[in-house]
Amino acid sequence: MNAIADVQSSADTRNQPISRVGIRGLRMPLMWHTAGGGQATVAEVAMSVYLPAHQKGTHMSRFVALIESFDKPIGYDTLSLLTHTMLKDLDAHSGEIHIHAPFFRTKSAPVSGIKSLMDYDIELSGEVENGKYCHSLKVVVPATSLCPCSKEISDYGAHNQRSHITVTLHCNSAVEPEEVIDLVEKQASCQLYGLLKRPDEKFVTEYAYDNPKFVEDIVRDVAAALKADSRICQFIVESENFESIHNHSAYAKIVYP
Amino acid sequence: MNAIADVQSSADTRNQPISRVGIRGLRMPLMWHTAGGGQATVAEVAMSVYLPAHQKGTHMSRFVALIESFDKPIGYDTLSLLTHTMLKDLDAHSGEIHIHAPFFRTKSAPVSGIKSLMDYDIELSGEVENGKYCHSLKVVVPATSLCPCSKEISDYGAHNQRSHITVTLHCNSAVEPEEVIDLVEKQASCQLYGLLKRPDEKFVTEYAYDNPKFVEDIVRDVAAALKADSRICQFIVESENFESIHNHSAYAKIVYP
Amino acid sequence: MNAIADVQSSADTRNQPISRVGIRGLRMPLMWHTAGGGQATVAEVAMSVYLPAHQKGTHMSRFVALIESFDKPIGYDTLSLLTHTMLKDLDAHSGEIHIHAPFFRTKSAPVSGIKSLMDYDIELSGEVENGKYCHSLKVVVPATSLCPCSKEISDYGAHNQRSHITVTLHCNSAVEPEEVIDLVEKQASCQLYGLLKRPDEKFVTEYAYDNPKFVEDIVRDVAAALKADSRICQFIVESENFESIHNHSAYAKIVYP
Amino acid sequence: MNAIADVQSSADTRNQPISRVGIRGLRMPLMWHTAGGGQATVAEVAMSVYLPAHQKGTHMSRFVALIESFDKPIGYDTLSLLTHTMLKDLDAHSGEIHIHAPFFRTKSAPVSGIKSLMDYDIELSGEVENGKYCHSLKVVVPATSLCPCSKEISDYGAHNQRSHITVTLHCNSAVEPEEVIDLVEKQASCQLYGLLKRPDEKFVTEYAYDNPKFVEDIVRDVAAALKADSRICQFIVESENFESIHNHSAYAKIVYP
């Protein structure tokens, strides 16, 4: 085996460092860290590091070996550990990890109280740049939006649709996905449920009609709620409304600060 | 050049014919045939033929050479010509071609009359099997659906959403995409538009509220309209409603006959 | 609550039964049944039933209630139970369920023996039509294909690429996903691994070069292996090669019988 | 008509400007500007503007009206005009437009000279922020990568695969998509073609084997070529290799400066 050449470790003379090199699109089962101990999910993982100018290639297999041997549920603390271990394994001063996976919550229908699951897309990211670690959390919350203009100008009814409200945040103290979901769902025209009985359907229909929101209203109201949380230092909030009267989306974004 | 081996043309002894072999995912600009002469679009093309047991491989480059040299707008007649030419070029008795591409129509808003484009996905397919040619047309029509139950049980409002109504049909005489789109849009709770002014938005909001339809109603009403057209001998109609109160779809399908 | 109208249960006079109506795109965590007891995954679920002509609508919430309360790992036996329970809950004589989710296997690298995960897409389907239950299994196996023509005509090298080999089968006695994966991987130019050390990379490179296969060879060889298994009564095998010398795919399919 | 309320134009008191609001996912036919006069394609368009704190909503229909009435091929000059017209139409000081569409080139096979089309994804973007206009161009070039390590350590063969090499650049003088494609294709292990005869296939197989490149080599060599062009002031070059021996990608990125 010793005779097999290590091409990646040979010297490079092009004088060009590489900002990030690694793997992406690695699909694997893992656990989200939750208060209750962990939730099984299937993630898509991306991991990469800085490569200095003198080094020809990185060691691709070490990324896979590391993530496959990592046996802790993924949360803020363990992602920090994982990111720092990656830098050590790859002998790099900078690098980043992105864990993208669905997250599930049990919700109770608003009138009947019947329970069902709702699914959300979450991406938790950790990055070290210039020796400083920071993490970010991205949560996509599907919700109902109901158009205030349509309601106002029509004698009856109002167009409504599914929207994706996406929050990407940096925090100086752990903000959990559940907290972001709760915060966002309160600002939509109505939240979604996996299972609704007829009394629940009446409730959500009337609730949405009572809470009409433009795509602009949604991002403004979510932004106000995010600003009120002192743990959140930076955020982007986006809403994409899959308009039920058009075949394209309405979209709004607030970048703070 | 003569010295280059022709591996594909060598004999095969596994005694296993191949139902279809060819190319897929070939993206290229082409023209849809229309009454007005043609509409430029970008298609994804799949072409394949039967390969007899004794032949090791097909001639992949002939598929690409054929479709790239074909300079006629794609419609029922030209697709038949193209399919038969493919069989001749590949020396095959059976084979099929699928042309999938967006199709655009100019629509007038219902009150203001302002014009805009709507986009639809269309797939036109031609196939020869056992010496017999047949074609099929698939059209995906995005539309509004408004829930009759939500309307009935709620004091005000009704949840509505974007739906995809898909018709796949076999016809014994050319049925044009525009005809299918017209037929389907009449059966939705409301049709979609690229551009609506406020009086138009009032109109579509009230129109949808006046025409509530379950996913079941949509496929039943489209099926009735398709059956009334004697040119259409077989069809499948499907509707997928991207529910605005759930994060999953309601779905219905009628297969006829 | 009693006062809330049940619109779905009202009579329908259009004289049009519906082939299938239900839900699709429901994402949820569940377990695949395995010899070892079960494997956590995240599935996309579709469930639908026949609706007779006289009934206006189905009961959408019952589909979600059923799948969310079902607590057994999904395999051939439990899917049969689930499908029959659905028919009873929905008072239907026909219907079908599709469970689509990734499946993971631990593999050992061919030389170093180092272990890593490989991911496969699986769909297990159960259907009752005219009182008769049948199930089908679809497995997508990513693999390496290496072109025999390129090898033969070139002085050195041969183009190779990732391929998706898809088997869809009906069996009269349980054929497990692992068995299909094993069978398919033996017929590719080479199988894939999550993690390879250099001696492994040398091995898979030379192994693929020693086993060149056209897309036609892959489907023929997989078909031969499937036919040799008496439990498998019907199958479709497809291979899509994401050609490394083109920007489109080569594709082949065998339908048996 | 005058009686219809203009909800969007009413005052807003939340003291929260919106970074961007507009439309996305609008699919439409348009022309890319080319030296030869223009190329018909189908684009996905996103348009958005800044909305000041005091204004409740933007005028969504104006975006669609503008892009649908714009009858010039899209290139650097016309996109600047379109972006500035959007700001005027929406009465905004900042905003951006993204035009994403396939672009086609006729290529000649390397030995036979036979001609065929290759497709590339292009996004041209224009943005005004703080009164200053800038544009960017993103080009995705599919290509072959062949692994130097695999070649070096194996007695014969070398794994290779399709890669996506993506360049996103800012330039102070028009750099055309064709120029970026030419520049990138020279740095890949080999370029792709729609149509290759056997002598061509021999050529590309040997050419790739003679030009092995890690994902790191590709981004370094493309970066060097981009830096040598004085018109290009900033760029990001990425390569994603869809590994033929794994089921995940190798990825590298250089951000300059």
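Per-chain residue numbering starts at 1, and chain names A, B, C and D are given in the order in which the chains are listed.
Basically, a residue touches a chain if its C-beta (ideal position, glycine included) is under 8 Å from a C-beta of that chain, and two chains touch if they have at least 3 such contacts.
Worth saying up front: this structure is predicted, and the values here are computed from it rather than measured.
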Path length in the contact graph (subunit B to subunit D, fewest steps): 1
Subunit C against subunit A, contact positions shared by both copies (same if over half, else different): same
Of all other chains, the one whose Cα centre sits farthest from subunit C: D
Subunit B and subunit C: spacing of chain centres that average the CA atoms, whole Å: 25
Gap in Å, rounded to a whole number, between the CA centres of subunit C and subunit A: 28
Gap in Å, rounded to a whole number, between the CA centres of subunit B and subunit A: 34
Subunit C residues counted as touching two or more neighbouring chains: 4, 26-27, 64, 119, 149, 153, 194, 196, 198, 202, 247-248
Category of the chain touch graph - line, ring, star, complete, other: complete
Contact footprint of subunit D on subunit A as seen in their complex: 4-5, 7-8, 12, 14, 16-27, 46, 48, 51, 56-58, 60, 64, 148-149, 152-153, 214-217, 219-221, 223-224, 240, 247-255
Complex contact set, residues of subunit C against subunit D: 118-119, 142, 144, 146-147, 149-150, 153-162, 190, 192-194, 196, 198, 201-202, 204-206, 208-209, 242-248
Of subunit A, residues touching subunit C in the complex: 1, 4, 6, 26-29, 39-42, 61, 64-65, 68, 101-102, 104, 114-117, 119, 194-199, 202
